[in-house]
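What follows is chain A paired twice: with chain B in the first complex and chain C in the second.
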Partner chain A sequence: MNENIINELKKIVGEDWVVTKKEVLQGYLLDETAEPVRPKPTEDVVVVKPKSAQEIAEILKLANREKIPVFTRGGGTGLVGGCIPTQSSIVISMERMDKIEVDKENLMAVAEAGVTLGTLIEKAEEAGLFFPAHPGDEGAHIGGLVACNAGGARAVKTGVMRNYVVGLEVVTPTGEILNIGGKLIKNNTSKLLHLFIGTEGILGIITKAIIRLSPQYKATATMVVPFKDRHTAVKTAPKILQSGIIPLGLEYVEKELIETSAKHLGMEWPCKEGNAFLIVILAEFDEETVYSELEKISEICTKNGSLEPLLAETSEEQNKILKIRSEIYIALKPNTIDILDIVVPISKVGEFMDEMDRLAKKYDTYIPAYGHIGDGNLHPHVMRKEGWTMEQYKELKKEIYNAAKKLGGTLTGEHGIGAIRLENLRAFLSDEEIELMRKIKKIFDPNNILNPGRVIL
Partner chain B sequence: MNENIINELKKIVGEDWVVTKKEVLQGYLLDETAEPVRPKPTEDVVVVKPKSAQEIAEILKLANREKIPVFTRGGGTGLVGGCIPTQSSIVISMERMDKIEVDKENLMAVAEAGVTLGTLIEKAEEAGLFFPAHPGDEGAHIGGLVACNAGGARAVKTGVMRNYVVGLEVVTPTGEILNIGGKLIKNNTSKLLHLFIGTEGILGIITKAIIRLSPQYKATATMVVPFKDRHTAVKTAPKILQSGIIPLGLEYVEKELIETSAKHLGMEWPCKEGNAFLIVILAEFDEETVYSELEKISEICTKNGSLEPLLAETSEEQNKILKIRSEIYIALKPNTIDILDIVVPISKVGEFMDEMDRLAKKYDTYIPAYGHIGDGNLHPHVMRKEGWTMEQYKELKKEIYNAAKKLGGTLTGEHGIGAIRLENLRAFLSDEEIELMRKIKKIFDPNNILNPGRVIL
Partner chain C sequence: MNEMHIIVLIKEVPDMNKVKFDAERGVIDRSSAPGEINPFDLNALETALQIKEKLGGKITVISMGPPQAERSLRDALARGADRAILLTDKRMAGADTLATSYTLASAVKKVGNFDLIICGEKTVDGDTGQVGPEVAELLKIPHVSYVSEIREVSRDRLIVVSELGDAYLIELKLPGLITVTKDINEPRLPTFKDKMRARKAVIDKWTAEDLSDVADINKFGFSGSPTMVVKVIIPQERVKSCQIFKGENAVKDLVDIFEKKGVLK
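Here is the complex of A and B:
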């Protein structure tokens, strides 16, 4: 990177907050994307750590004038390479923008973009309130979660990030600071708020968000319902949702996979019987409601052919089940080529899983069947295969996407497009839609400096 | 309107579905906007009634070629003159696009734009499901509700239209048919879906929507909580919301107004004591939950200084209370100049009402204090005053908007901008935001044919 640019950046944010040392830069060149598909970063970057929207506006004005690409970096927890600098560029790290205020009376938090999900959860709880969604890793930044419209396992009950955002401060690529929305539950004045949510930072850098909070749940419970086979389990999930109970989480796992995960932790999966399991997590504002829901769900499941449901009575037992479930990701990770983010209509989950089995067989690999069955969002982990080329994997991936598309599904439920889903996007969007999006990008970012090579073909 | 154009339109939709007779046209020249502020329509219009997105695409291609303005008309229940043809134009009435299918397994409805809210509610219930929001008049069309991101009195619990839309079919002003989204609960593939929600039809004509449904509530209750004065009542509302109970509706009314409304119906308001009232409407999936919520709310209210709450035990009593509440609109209408759609942070509702009283005194008129206190959305009805000019009303309106703005509020919570809120928009949006919106409009609608004079300054 040009010395003059580095000096101008130092003038904007202060000498201490401009990083050019190779060893320090390394930590800013990657994210959580599976290594085999992760984009290769360039090392010709300068990392800046601004403290305010004004400083970011100055940086963007400079970058826009000099036509230098800019990549915005939040918590680095993304799974699609969105924040990886693949061109000689300025990397803006949001880590110093970490102020948060909770407004108890209005049940809202005002968080700078660099506040972590963990901090939001903590600060809400300190005020006797609660952030209901759990849209990913607790190290994720609010700015990234909003930009990517992150989802999470609780979306069936709590919705996704979009449902919580009522206001944004955004810096456009030309360096204008926009303040949109407010501490308002209904608002039809500004028409731009939702355009910044889910567009993965290509239209502007989110610097602050106003987030709705809720009261705290007072009672939770977890139940594992075993079934003899996949289809009996999968067909029971919509029956639970139709009953009027909306679980905080409704997950699906199969015996082989969940036992692998338990073994990985040195633990034991508590269900001896059954090959397919629904994990039902309940959370309500009082214990009576949770008990009555447990009873109803148990009744619905056994009526639809389940084996005896297992109720986790103590919080220790609950944590054990959830720990084994969440360890799947860790247990599979070393041998994973790619973690997909398919979503299909909930009525089609079983069919999609069968199709994955067929494709796994065809390609002689293993694609474990599990996911957020409550919202139809599945994360097929495609496992490494000795001697495979990336081209062979790409063929399999294309078949997986075709299967999803045939069932009315799509290629990203919650992770976003980022860098690595672009090549398959054309199968899911019409030329007209892509063209409109391209033109919108051009309005906001005439020199295409912000997150180039992301989201837009 | 030019004969050739009329003939071309007849070729597209069929002779029977093109209206040019003056008497029949009258019904297409107005909406529910209060008469004194309602835009004056032109009579130089032709009304067409297409049956499909393809026909609409043909009409828009024609209009775009000939640069003829087009106004889209749904149920005509809007309150801001959005659908009133104020220029020589083609009026597209969506009344024949009224097909609806309910997909029980996926808890979704696929509705053409001309399906009424009443039909959506009815069809959902026939399938054992439920459309939770109640975003306005039951004669409103789905297309209009989505385009305007309609809200309603239940938004505090159920959210607004945006929260239910997972897919759209839209015809752009240049005649392209877009299909966006699907029967998917999570979807981060298309970035355009939410741009069509709430932009009031200026970017395209919504022809179909995929709408999420819920299970039916099984138990409801209504409680009226009287307070000696406004501020004790208003301060109690957030306490209820913080407790973990989310009422289906949380309304605020004052004695004089609610007794006027009751009188209008020949009924009697059941609370003898109190000057300010919270009306709490509860709906849950079982009776036990409703009972326990009633108890808790009663406790919270009396602890915060209420008088004895009145529980409507029978559905007859419930209906009576809700009828008197909803009759306010009818009782005030003949003498109303304008119904505003202010929203402020819920913590500021009391202050805003005091400011309305002060302004009513200053302008020697009456602005009754009532509204959806649960979401901070108030509808100040400004009452007619003998001898007032519209200029004098506009001054008062400006002061009301200034008061809202000072408190962090905005000029439309749920009704939208339409034609009549445009003149005050600049006080609430920055020049940059307006300019971006103008450029986006230009991308979709290069000849500015669709709903000209709406939403955008």
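Here is the complex of A and C:
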């Protein structure tokens, strides 16, 4: 990186917040993307750690003038290589923008982009409130979660990030600071808010978000329902939703996976019976409602062939189940080529899983599949297989995507397109839609400096 | 053959992840979080269940607390306990560990015919770890604390590993008492069916009066407590700061600070 640029960056953020040392840079080059498909980062980058939207605006003006690519980095927990700098660039790390305020009266939090999900959860609870979603790793930054419209295990009842964001502060690639929305539940004046949510940071850098919180649920419970096989479990899940109960989360896991994850954590999966499990997370404002829902769910499940459901009520036991569920990817990562992020209509999950069985047989491989069955979002893994080339893995992946598409599904539900899903994007979006996206990008970012090579080609 | 009778002593504690502290009044606001079985007591109950599965017998759980502690006893019944007794009376309120132990030991006497008492190593709200051993002393039975493993179990003795800094292998003659650590096992989850059954189960409720044939009720509660909690002090979060020293004077400045703080002389 040009010395003059580095000096200009130092003038903007202060000398202490510009990183050029090779060994320090290493911590800013990767994310959680599975290694075999992860883009190769370049080390020809300079990392800057701004403290305000004004500083970011200055950086982007400089980058625009000099036509230097910029990659924004949050918590580095992404799974599609979104923040990996693949060309000589400025990496903006949001870590210093970590202020958060909770507004108890309006049930909202105003969080800078570098606030972690863990901190948001903690601060909401300190104020007697609750952030119902759990959109992934608690080290993820709010900016990244909003930019990627993250979902997670508790999106069935109250939705994904998009459903919580009512206001944003964004710096455009040309260096303007926009304040969109506010502490308002209804707002039909500002039309741009949702353009920045889920577009993975290609239209602007999110520097602050206003996020809705909920009053704390007084009663919560997690039911683990074991089934003898995948098919029975999967066909039961939509019946729970069709009964009128909307759980906070409805997850699907399989014995081998969940036991691997528990072992990796030094824990024990509490269910000894069954090969496939539904995990139902309930949250209500009184215990009686939770119990009447549990009774109904138990009845539906046993009628559809489940084994005896187990119930976790203490927060320690509930957290343990969520923790084991959340760590499946990390436990499988050493043998994972790629973790996919398919979504299909909830009524088609069963058929999709049957297709996974068929493909596993056809390719003589193992396709672990688990995920947020309550919203049709599943994470089949393409696993390492002795002697396979990258082309063979790609072929299997393509078949999985075709299966999803045939059932009305799509490429990504919560991880985003990032860098690594671009090669399959055309199978899901029309040329016209891609062209429109390109035009929108051009309006916001005429010189294509912000997160180039991400989301659209 | 006589069946093994195991008594598990449990306490309902506030969910420590949610409970709030009133820093001004120096008290825990128990209404701020739902009550649940002390997590260590779940390990005690699981230990009892595993022994019962091996040797047969029955498990009685006893708790002292306000009427709402019934909820935790129902949880214990759902997890496999056979009988639950709640010691509840205003005269038992304000008890320190000695009065608590005396009340629990009196209830154990009244239940009678036990082989083994199991407690969690401590409670997450009190954190003393005293009640288990005190109950054993009052009942004049042998006891081992911090048991992390049971190597052998039979009708009249246990061989256990106790983690008292180092690990000790100890033989305990029964009747006796052990307190167990979290490492001893992974407590099982109850089935929903058992939860529902336990919601309708009968909980024996004993007042101070009910124990008067085996105890001096003046030794219960506040009046029987030689110690009292005057105030709970909540440690303030320390604000950490960071300073970067650079340039020619950096070393000298740092040495000055270290000397001022007494780290260097």
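One rule holds for everything that comes next: the second predicted complex is superposed on the first by the 427 of 457 C-alpha atoms of A that agree within 3 Å, B and C clash if a C-alpha of one lies under 4 Å from a C-alpha of the other, contacts with A are read in each partner's own complex, and residues count from 1 in each chain.
Everything below uses one rule, namely that contacts are C-beta pairs under 8 Å (C-beta built on N, C-alpha and C of every residue); 3 or more make two chains touch, one makes a residue touch a chain.
Note that the structure is predicted; figures quoted are calculated from it, not measured.
Once the two complexes are overlaid on the shared chain, A:Met267 sits against chain C while remaining clear of chain B. Set against each other, chain B and chain C touch different numbers of residues in chain A, with B touching more.
Legend: residue contacts after superposition of the two complexes on their common chain; A:Val455 is shown touching chain B, with no touch to chain C.
By the touch criterion defined above, A:Glu355 lies against neither chain B nor chain C after alignment on the C-alpha atoms of chain A. By the touch criterion defined above, A:Asp16 reaches chain C but does not reach chain B. Residue contacts after overlaying the shared chain place A:Ile417 against chain B, while chain C stays out of touching range. By the document's definition of touching, both partners, chain B and chain C, reach A:Lys218.
By the touch criterion stated above, A:Glu295 is placed in contact with chain C alone, chain B being left untouched. In the superposition on chain A, A:Glu316 makes contact with chain C only, while chain B stays out of contact range. Common to the chain B-facing and chain C-facing surfaces of chain A are residues 218.
Per the touch definition, chain B reaches chain A in the complex via residues 103-107, 128-129, 148-149, 151, 155-156, 159-160, 162-163, 172, 176, 178-180, 182-192, 194-195, 197-199, 215-218, 238, 241-245, 285-286, 288-289, 292, 341, 343-347, 375-377, 408-417, 425, 428-430, 432-433, 436-437, 439-440, 443-444, 455. Chain contact summary for the complex, chain A toward chain C: residues 16, 125, 218-219, 223-224, 267-268, 270-271, 291, 294-295, 298, 308-317, 319.
If you check the complex, the residues on chain C that touch chain A are 15, 17-18, 34, 36-37, 39, 42, 75, 186-193, 195-196, 199, 244.
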